[in-house]
Amino acid sequence: MAALFPPWSNRALRIALVVVGILAVSALCFPMVYVRTPFVTNEHVALDQPVAFDHRHHVLDEGIACLYCHTDAERSAYAGLPSTDVCMGCHSQVWNQSPLLEPVRQSYFSGRALAWNRVHSLAEFVYFDHSVHVARGVACEHCHGPVETMARVEKTVPLDMDFCLDCHRNPKEKLGFDAQRDFSAMRTEDGRFPAHTGHAVTELTTCSTCHR
Amino acid sequence: MAESLIAEFGDDAALARAIDRVRELGVRELDAHTPYSTELVRDALGAPPSRLSTAVLVGGALGAAAAYGLEWYLVAHLYPLNVGGRPPHFPLGFVPIAFEMGVLFASGTAFVGALFLGRLVRLWAPVFEVPGFEHASRDTFWLTLKLEPGSANAGSVERVSAELAALGALSVRELPGGTA
Amino acid sequence: MAEVFELHLRRRDLGKLVAASLALSGLTACAERREKIFPYVRRPAGVVPGVATHYATSVVRDGFAVGVLAESHEGRPTKIEGNPEHPASLGAAGVFEQASVLDLYDPARVAGSRGPLGLTSRESLERELSAAFGRGAAPWLVLEPTSSPSLLRALAALRARFPRARVSFHAPLAADARYAATERLFGRPLEPQYRFERATVVLALGADFLHDMPLSLRHARDFATRRAPGPAMSRIYAAETTLTPTGTLADERIGLAPSELVRFAAAVLAELAKQGELATALPDGVKSALARGAPLGETEAAFARKVARELARARGAALVVAGPGTPESVQVLALLANAALGSVGRTLSFVEPVPSGQDGALPLAKLPDALRAGDVGALVFAGTNPVYSAPELALDELVARAQSSFCLAHVENETARACGSVLPEAHYLESWGDARAGDGTLSFVQPLIEPLRPSASALELVAGLAFGFPASTHEFVRDTERARLGLGPASADIGFDFEAEWERNVQRGFVEHSEFAAVNPTLAPERAVPLLEQALSAPSSASGFELHLACSPTLYDGRFSENAWLLELPHPLTKQSWGNAALVSSRTAAMLGRHTGDVVELTHGTRRLRAPLVILPGHADGSVTLELGFGHAVADQLSHGVGVNASVLGVPFGTVARVEVRPTSAKADLALTEDHWLLAEEAVAHELTLASYTQNPPKYEHDLAAQPSLLPSFEYAGTQWAMSIDLSLCSGCNACVVACQAENNTPVVGKDLVKNSREMYWLRIDRYLTGNPDAPRVLQQPMLCQHCEKAPCEYVCPVNATVHSTDGLNEMVYNRCIGTRFCSNNCPYKVRRFNWFDFSGARGATLLQRNPDVTVRERGVMEKCTYCVQRIRRAEILARREQRRLRPGEVVTACQQTCATGAIAFGSLDDESSEMLRRRREPRAFAAFAELGTRPRTRYLAKIRNLDGEETGS
Amino acid sequence: MTQSAREADSALTDQLVRTVWSGSVYFRIAFAVLGLGSAGFAALMLYTFQRGIGLWGNNIPVAWAFAIVNFVFWIGIGHAGTFISAILYLLEQRWRAAVNRFSEAMTLFAVAQALLFPVLHLGRPWFAYWLIPYPDRMQVWPQVKSPLPWDFAAVFTYGTVSLLFFYLGLLPDLASTRDSAPERWRRRIYGVFALGWRGSEDAWRHYRMAYLLLAGLATPLVLSVHSIVSSDFAVGLTPGWHSTIFPPFFVAGAIFSGFAMVLSLIIPARKAFHLENVITARHVDNCAKLLLVTGLCLEYGYAVEMFVAWYSGDEFELWQFFVTRPTGPNCWAFYVMMFANVLLPQLLWSRRLRTNLKLLWVISLVVNLGMWCERFVIIVMGLEREYLRADEAAFNPTWVDWGLLAGSVCFFLFLFLGFLRWLPVVALSEVKEGRRERERTLAQAEGARG
């Protein structure tokens, strides 16, 4: 009686096993790689906005500082987008006939808000506070990238927890200042800092710094 | 060109006798195919004990060490949080997983090792072409041997076949594809 | 929720964008969605998105104002806090103030106007109303009692314009007895003002002065100043029918049926009259009247003697308080006792009554006859619900006899259902107004938001009727204020900047020093004689049980019937949620042969009521307490079928009546969050007497320090948060529970889940009863996350979802939680709560009320008290921005902020100035379940009872 | 003699693989019914997954109930399988060959049930993978000081090792099945799974070593698994859980329940498949004896628990053991447990009762019930009455709770029935080997006499 399987089946079985192994490993690795791609992080995705606002022109040509429009960054958790009257502050005088600014004028006279597309977005359970970062000297471009070179704003960093921890773990190295030194709020009466207990978690990496 | 033979026996004792006899004839490359592990055949063939145990020890030790190392690296080194006031490096808590991973890796090594050292995971082998070989897993005992043409004491194929038949072989055939 | 919606709306315009609130739901998967940002078109001055603002306003109930601060996030009012400057609040807020914000967003609010002939617009209904007022028979207006100068001015104008118009004031809990009593003794109605900070010995006669009196928040603050253990500690005696929060804090209390309460008060007064110098204060007529009372039981008599002795000993610093629910006789006896004790001018003073406008007002009881006679033209109910609360008037059928009927209502209540037209009532956070606090302080009601739907306040309605619609209440209240200041038209202002004054006052929320001046009335004690003779000689042989009606500690008089927070809130003593019950003592229950959960039938005359029985140890024997406010009959509403309506028995609040109680075989479905009562030795809460505490202080802290551990100790330094809770000051009033719920977006889960012990309170109050089962001592213990240094919850979490922060908080990271619930199993305090379902959109929940600084938790995650970490981090961010250390007392938790007695103190262990640390160092500070080695950060201070030596009845 | 041995081997092989080719109509009916039950199980799991575990009766304080009870119950069942196949192998108990395949299959399917419940019981089961350390974007890792990751590692290892052990033991028999199959397509299917086994002595040499090593590894593993499961409770500080006796106590209970399940399955299977010549009365009797012995170990555990509670004088322990358990809201479970695990096994002292198969079967079923109740008593009652008397609550299971329990029993039996039908149910090669050795020993003894 002939054998059940031909001689080439040995090789076929082994190849099949190797392929299954590779597929299994890929199935495990693929999601880990995928979540780091721009498909998920939305990095480098420039969105169309209701107004063709060009940061290059406003920042580089006109020399307008970030905080002129994003006023609240210094005092609120949210940097905020400028209200229409801020745009109109200048554009009632300059380019006041430009068709590009038609939506702005429409908004201003109708009282309906401009609906901008959010570019930099964090999960709902992350409590990021602009004001404290600005006050501690974290540059805008650290998280937002070189906005002054962008025709349409896009994300340049993933803004995931990995990214946040990168600085929160080592602000001195990453941002050039000694966070421990500067956290006067956390200091004890005699200027000591919480004793080193082997837990390298600091005020900056403790969970409720960002999650409440 | 070496020539291989395969002989079928009705019980393990006959197979063991045949092994002893062909050994006397100077045949070195021998293997048996039996429906169950039998002491007679094992002793007659006299193969050295399996080296699998060493591999399993290494596999288990590696698994346990890797698990413990990973626990230390992640929990005590990368993000050492204050959990219930326990120290970041907490051997008491790290041991169970290290132990389990040791067992897992050791078992995996034993299983995979047995398959590969036993030359399994091959669907085709020359013996499968032998008519009646399906009895090898049910009720008959088979001997395969390879005759080296150059070796002095080895007789001819015919001689060995005759000897085997005389020892009670139910059938003796040439094995075209070798003994593997 | 981290995303802000920068609304293009003015602060008070938010209602137009309810849809945007969808984005407020929290904690979803990480995948980012394309979101829109809507910046303002024209940015209002002073608004910074993401930064909460507070506005002063007032909560008015039955004509009494309490000044509050309303927190606003981008135009959404989210939370109410007490106004620290306001004399009726002093920074505290009670249960009802805290919960009132939810009513603003109540999905059951009257959605739109509904009138005859298909009229649905507000304007057309107002026109219809004005027309109806002017034609046909005399119009009749039914209002809540009020102290609002503007409303009174509008009413006067209304009367001038419609001379035939009649006005009635109706509130089921209106405390007329104290006005009757003062009128009897002093010749005119007066508002008593109690000074608990001056009182060394207090007798509370059916008086829950910490909880349900107009100035209760202030009473509680004042009371607390005298409750630190030491020689200055005051001593409180309580005689009451049911067990109240005040009774739980009393050093000694006794349960007395309403009729016994009268005799007890008389006995105390008679006892006082025997004491040397006090004897002269009372005329003989009174003395002989006092002697007519049937004798008290032995225990009660002994207690009366002792109380009288202690009161007399504290002469000049003694105070007798009669509660608003007590009959006139008790009020009179209390006033006489205060007079005899020389309290007037020291611990007690009088001012003019706060609610006014009673002159010319008709009692509501006259309305039915007028209706039957066809004498009523337009009948208008504004902010009252007499169909529900006065069923004996049978208004539900009679309203139709009016030529037209209108109801200004917050929700479609029973009265609204009976009326031909319904107008939506504006919430106080949507309207302008004014009112006086319990001491007469003129307070303002300031809106934070444009009405979510077209609606009107009672003031707007009356002013509109008087002066024509539409009425601008803003202008009207300003004009009233101008008139009060004696200013004429604006053009005539010379040398006085009204605008500045007005803005200052509105910003402050009240007018400083505008409280009524104390009056010195002349006492005519002999006028009490007929009343006392009648009250004391009343036969006590009648059959049945005495009925005691009480204000509900959760629904008040029923006006909060659609407030999901309050419906679910467990009763402070019975711990009953979603319902009320007939409360009886265990002996009375034994007489009836029934237990908690059985249904009894109460009969008063021809009126019957079936109510579930709940045994309340310490309740007076032979009487039944029913709390008002439950048993609403409007289908499809949250309150439908929740509890029973005690008004159905037809007994007015504050009167003594007898009812028959018949056991039935039916069983009720009660939701009790704690269903057992007595407790032997308990390691979780301690109580001591003052004498034993001063002579032999306990060594709790020493016991804690002696706990051995195999593990190396963990060193904490720097800012380390901790809490100290003084059990001597916790009355179990629940204000902190609601404050926590409002602050932390804690969901309401409904009756079925409460029955299965799935309530979501981060902070609950555990109630322990000790001592004699019939006259127990009550210990109320706020139980919240103890923030253990060796937290047992932390080391069992497999995913690091609950860990310790560097500043000593036990953190709960919702977005990391996978819901193994091991942490809850391992928590000996059982303070962790689990989202069994998706509660974020539960019925009665309102997305707009949510605190944007706190994550809304997803289904399947654990949650618990965080010590209000969002407030801590906000303060830290502020401190870091300003490059300074945290200021002492800069961080206040929601529970601490609202607590009127200041039972909760919070702060950092490195802040030597903190009250928290001072308390923690008292010898009576102990850690709950210290022997488990969890090392809690929260300390409790053992309850200290100031006994006079022997204890009666235990 | 040679001829007869060969015929006997052949006949035995045919007997034991016959069922693989032909199933009776009863089998089809039972398989369909259990299949429906399993589908219901799947539907209920989906329902729970979609709506949340609020569908169960759990509450605070009873945050763990049926799901964890079922988990511990099933994982315990598994233990007898490993005990028979590994520990008895190391102790050279040859009679195990008759029942080890059964019990290994039982182990595997019980562990499969056990793996479902901990995942299903999570509040957010879709994040169950957070228990595995992988390089995530959050830089947060499992917290390995918690017993739950230990548990995950233990059960995962246990399931994997059981599968490997089962499969390795099955290899020669898969080859027999392959070579006995009537049709070529069946031979091919079994041929693939036999991985080309051809009984070569070279393969046997490594196979024997691997089997011995796996037995040696599975022995400490089986002891560790229930020890770790017990630490899910013993590490906590709940009265009635916080006990050092838990690991051995749980292991004893696990093996006890496992033997009960072995008997519950083997007694009917033996009859239905006419295996009386392979699984003899002696084998059943041995299982019954072990049931008695492990039962006694468990009873010792009960006694020690209560003694320690009393001796400690701790009011919460006393409350748990002497008030809550006999009088608490679910005290029926306590009495069932006491009857089934303490009183009933004492009948097994009698050989007459032990060899009465019907009675033994009933006893084994009741012991299964009793062991489920034991887990219920420990877990649910421990939580119903804990430290804080103010926050006590009773547990009332919902229909979903009962449905999931019934569903998992169906699914277990469904898998087991599939095993009975499509795989050789007795370790063929081992039985043959054992018989050959016995014959040879007999022959030698005769030879010595002669």
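Labels A, B, C and D are assigned to the chains in the order they are written; within every chain, residues are numbered from 1.
In this section, contacts are C-beta pairs under 8 Å (C-beta built on N, C-alpha and C of every residue); 3 or more make two chains touch, one makes a residue touch a chain.
Remember, predicted model here, so these are calculated numbers, not experimental data.
Novice: Across the interfaces B-C and C-D, which one involves more C-beta pairs in contact?
Specialist: Higher contact count goes to C-D.
Novice: With centres defined from CA atoms, tell me which chain sits nearest the overall protein centre.
Specialist: C
Novice: Roughly how far is chain B from chain C, centre to centre by C-alpha average, rounded to an integer in Å?
Specialist: Measuring from centre to centre gives 82 Å for this pair.
Novice: I'd like the Å distance between the centres of chain C and chain D, where a centre is the mean of that chain's Cα atoms.
Specialist: 58
Novice: Return the distance between the CA-based centres of chain A and chain C, expressed in whole Å.
Specialist: Taking the average C-alpha coordinate of chain A and of chain C, the gap between them is 46 Å.
Novice: Counting only Cα atoms for the centres, state how far chain B is from chain D in Å.
Specialist: 30
Novice: In chain C, what residues contact two or more other chains?
Specialist: Those would be 714, 792, 795, 797, 800, 803, 805-806, 816.
Novice: Pull out every residue in chain A that's touching 2 or more other chains.
Specialist: 4-5, 10, 13, 197, 201
Novice: Where in chain D do residues touch two or more of the other chains?
Specialist: Residues 138-143, 145-147, 149, 178, 191-192, 196.
Novice: Which residues of chain B touch chain A once you look at their complex with the stated criterion?
Specialist: Touch list, chain B to chain A: 79-82, 87-89, 121-125, 128-129, 131-134, 177.
Novice: In the complex, go through chain C and note every residue touching chain B.
Specialist: Per the touch definition, chain C meets chain B at residues 711-714, 788-795, 797, 800, 803-806, 935.
Novice: Using the touch definition up top, name the residues of chain A that touch chain C in the complex.
Specialist: Touch list, chain A to chain C: 40, 42, 47, 72, 75-78, 80-86, 107-108, 111-118, 121-129, 131-132, 135-136, 182-189, 192-195, 197, 201-203, 206-209, 211-212.
Novice: Once bound in the complex, which stretches of chain A touch chain B?
Specialist: Per the stated touch rule, the residues are 1-10, 13-14, 17, 197-201, 205.
Novice: Give the list of chain B residues in touch with chain D in this complex.
Specialist: Where chain B meets chain D, its residues are 10-14, 31-39, 41-42, 45, 47, 49-50, 52-53, 56, 60, 67, 70-71, 74-75, 78-79, 81, 83-84, 86, 90, 93-94, 96-97, 99-101, 103-104, 106-108, 110-111, 113-115, 117-125, 127-128, 133-140, 142, 168.
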